[in-house]
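Right after this note come the structures.
Next, two complexes with chain A in common: one pairs it with chain B, the other with chain C.
Then we have the complex of A and B:
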């Protein structure tokens, strides 16, 4: 939707370019964007540049220390940890990269709808959302995954579904903020149709909030995916994945602690990168209301 | 302690470092001194730096700002050198601040008694056990009714005026020697404002306090201040006694500012001040006001003038203080508002027995209780608006004036009664069901252009909305029409690509006016369209509206709380109280005897920017939350109440010449 508008309307394109430049001018945006970009590039080209085959097991290398040949050592099956770390984000990025836009789309759609409905129905629906949010996420997700299996075709919709629910709240609140403003009343008084008011007056103002929310959801979702892998419900071996690698290396922490370093650094740098980007995006779009305390 | 200078600000410059590393000055070399027992008014339009200066007297700067040079002394203490703890002891204690909109500065979850006691705990030596008595004493001092019962109230249970009084009481808790007031009455109703100003004046003289009163409202300044300093673009341009500054201003800007204020004594439109003040980031080579000044010559543009003392005592930052007489005083250039004769054009809009109610009975009440509904918010409104006339609707907040506009626009449905358009037939109440022609004929302009223009659209998109909707214009035709509209509101085609955030308040309101006129409407509803604007900009917008009306014969319904503005622009005025009509008639008739008692109260509370003018306060400023169930709407506050008849019977309409009608029980001859 936004890409179509991007090419069609030069004013809009200008705004997004300005937002991007603004982000890059901020330390948080510059660091965040480069971390995210680094991980995306790595995920694309890693299969070509990895030094060792990720499946290759060498019994002589089992739990060996970092060395010149194997920079991060080897795991309990004697596989090169450096190569596996480079490849370990591919699944996570693929799954969350598809699930995040889906979550924002459906959550945003339902949230805007609730926000526009208002009244008692909206109240009832929101209480259901609250009830849903009060359950621990891991429990909800495990129920679905145990029932339907752990393939991508289950993981993506599951993540998109559960992470869309908090988006409903955000989109609804943003909608409430906008529809109370005079420009919406002005459009109504002119006699514009409901669709036209939603499309022209409401959506452009809610979209900014949803974009930032999407970036935040992405980092939560990555954590969730890695946690599922850690618990053994995400990626199946031997495919390398950070969560799975941390889980594998955990048992040998007392005598081979280097096993966790690679995946932990990789995962946290990606999540920090996304969070910094979201932060800079909110500031550049002018919807970050955080202020220094007056004291 | 010397009787002389109490607050002393010397050569103060305040600024910030921009993203490109430049130092940008918001205040430039400002000096101001206030003696004990003296009150000084600081006047200027938004962005002139007046609030920054007032806060600097506290040694406080808003985030990002810092003192670049100069001194701030309070009673001999260097405020800029103090540590935070020492500053805190002075702030709110000996030097107190009363902010604008104190409703927001009171904590909503704490009872009034506790909040005032908190100020005592911080800034007085009293024992905890004496707090309550002292709080009651303070609340009595600020003339709040029943102070003992107020202690347990929450801020939201008080009216805006009462909240402001509580803020004054809190400021007094520390027995201050000096008060800083930042627009303390802005946003309050006229009667409330007049009462608060009286209170402040009396307190200052009783306690011999120094006061720095910051306001854009010269009427308020003239009531409380001995001396006035006028600020423009971060500089003081004129300093003198209140009489000198307000009656014979010797600086062109002050002169222009004063002529742009609509007054009750005039019927013509005020004179607009063209142009806009320079931004702090612009480099100014000469006088900051040169670009907008009719007297400016080569020297004004090249050399910055210094603050010079005149023989009469004022200090002026101008090369030509002796040529002020050459500036125009009254508005001669624009078309005067034409009189609309009764037979001209016919009726534009009729409001027939209009009643509007926001209250909806809850399901419980509908089923199980027969508790009667509260009286309607707006009731029994009968007004016939003639084509080409401007009808002013005045009243305090809660008078239902905006509600009536919304009903005309179709945004709320009346409970009973109906609207007649062009004398033809009923207008469908709901906007969704109106025909395209009816929709186009009624357009609305809102109070705050920041809120009524979509921040994500550029001006071209904003103007395209009505043009596409009503005329299906596209492409080059749309663009040409948009440019034409912009030119008509005295903006150019280069505004098309800009966004509302890139325009000044006045420019934004012009765009809103252009958007309304894009529909080529027959009736334009103006809801407090100038309240959010500076006075000089207000004059320009009023001027524009009047010119558009003269060109197109548009009918206006102009809602405002400002009686002088309504007088300047309207042909006829309706005075509303609690959603009921008190008085309606031609401007000249309503603004002169005979008066409805409420009109009399309202007019008495208006503050003219003239120190010789005394407001007369004849009614309390108590705010009523709902209209009385029977009788006259004004019964509870009326200074001329007759007796029981006012409580029980709806007052009859007393008819005078020219359709002047007053709804009151008092006989015609006594009104």
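Then we have the complex of A and C:
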């Protein structure tokens, strides 16, 4: 929404094109973006191009080795692992793709608001944020998931809620940085309302930080989602999912080790792709994430 | 200085109190309580349910129960488990010791290695050693722990057969019995940890090497390695205290997945089991313990950096 408002301005649009080009000129950005794009395309077209039905069980193929017909072999129920690997990221991308913007949106809004207001309320909010952050993520999420079930309608709000909390902190800090500069004072002196200051002065300046944060959150959320699936609290079978597939194949690793390779490579490449993209985005936007990695 | 330390300690205590409130309120708000769970959900008849609630004092107002629970927790009494009908403090004790053991070895391997690699990659920035180690670090950091654990089990225990891929020792066993089973979990943990701390050390080495006083020392003709060891590194390694602290907290609370993968009898796996069984008193207790440790470790790290770094002291004062 906010990006759309900004891109109406040709100068801003030009800047985003420049940022994109800058990202593609860095090895990390080029590799990262192509990995992410590849996975997105795959997630969209995979139901049409998979060679086998992901539910199709064939007892004669149980734990069979990779062959010409089944490139990655078959799992413990005789299902084609290649087809399941191709489909295995759809659920994860859908859930995290909706939950990430939601998290950044609500966390960013609350963070900017309280960063601007300050005072006692802000102090209390930060203690609550600290308290939430001191609890292990997996505990917070599992308690909700075990109570309310593992459907998408539970997973998406849960992820969006908990991953929005650290965003509050980031947005608040970024807001403090911006507020210290003169143009916010100028807007206040001109008598602009608080909403107008947030929308016209703060948001455009905090947006860069929020975008980088969003990209990082995406990869962490994906990690959380697949860990939940791995532990048996995410996607329910027979829906193919990488975390679940690794968890299934793990038990047979001593005699059918090829079962874990497909999902491991797919999941790792997507997460690394997102991380490289986030790194490149941070560098292209000139945000110091305190991790001046090479590339 | 003293008021600042006291203020910081007070903030830490405030956070722990809020955590305890969140934990208690969270469990209150969720549908179902210990009794409906214990008596098989909905099939329990009303009388039994009432009796059970009376036994467990669940009919009293929430604020009374919260006060009792919080005061109990302060004196080390965490209440009773619903399922095992055992004292939670006894159940948690052995598991907690195991998690500490795992964390201790992971730190023992991870921290020195991370410092060393961080300094190497920082000093030889953008050259071969840096590119190699930094790339490995990105992989180690980003790949989910259950994936790297699975790969390491595949390589070291399935293909090479060097190390056992699963822990079979039970929770209360003496430390010596955990060898060599504990080695693979330690390797996975220290891999992730090393990567995080190394990246931090690297960027702070780069920052310090670019600072004015290092250039000054170089211009004065201080030999390179003497300059590195006497002038640059003490300052560069200081921020690492905070990262190490965060990592310790993560080691104690967030290693759930690794403990499940390796079947390691630690606090994390106990937490998962308690959540699956909906043993709410145990979940509350573990949540409170882990959160308190997290806050305490962060507090210690903040105080340590404050004491070690005069600049921070005055900076806080000015604020």
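Heads up, the rule we're going with is that the second predicted complex is superposed on the first by the 282 of 295 C-alpha atoms of A that agree within 3 Å, B and C clash if a C-alpha of one lies under 4 Å from a C-alpha of the other, contacts with A are read in each partner's own complex, and residues count from 1 in each chain.
What we mean here is this: a contact is a pair of C-beta atoms (placed from the backbone, for glycine too) under 8 Å apart; a residue touches a chain by one contact, two chains touch by 3 or more.
Because the structure is a prediction, the values reported are computed rather than measured.
Undergrad: See if chain A has more residues touched by chain B or by chain C, and give me that chain.
TA: Higher number of touched chain A residues: C.
Undergrad: Look at A:182 in the shared chain and tell me whether it touches chain B only, chain C only, both, or neither; answer first, second, both or neither.
TA: It touches chain B, and chain C stays clear.
Undergrad: Check the residue A:55 against both partner chains and state whether it touches chain B (first), chain C (second), both, or neither.
TA: neither
Undergrad: Find the residues of chain A that appear in the contact set with chain B and again in the contact set with chain C.
TA: Touching chain B and chain C on chain A: residues 291-292, 294.
Undergrad: Show which residues of chain B lie in contact with chain A when the two form their complex.
TA: Listed in rising order, the residues of chain B that touch chain A are 63, 409-411, 431-432, 434, 436, 439-440, 442-444, 446-448, 451-458, 461, 465-466, 469, 497, 515, 519.
Undergrad: Spell out the residues on chain A that touch chain C in their complex, using ranges where they run on.
TA: It is residues 127-128, 130-132, 134-139, 142-143, 146-147, 219, 223, 226-227, 230-231, 243, 246-247, 250, 253-254, 257, 260, 264, 267-268, 271-272, 275-276, 290-295 of chain A that touch chain C.
Undergrad: For a test of understanding, state which residues of chain C touch chain A in their complex under the given definition.
TA: Touch residues, chain C against chain A: 11, 14-16, 18-19, 21-23, 26-27, 30-32, 125-126, 130-131, 134-135, 137-139, 141-147, 150-151, 153-154, 158-159, 199-200, 202-203, 206, 249, 253-254, 256-257, 260-261, 271-272, 275-276, 278, 283, 286-287, 290-291, 294-295.
Undergrad: Give every residue of chain A touching chain B within the complex, in rising order.
TA: Interface residues on chain A, with respect to chain B: 11, 181-183, 185-192, 200-201, 204-205, 291-292, 294.
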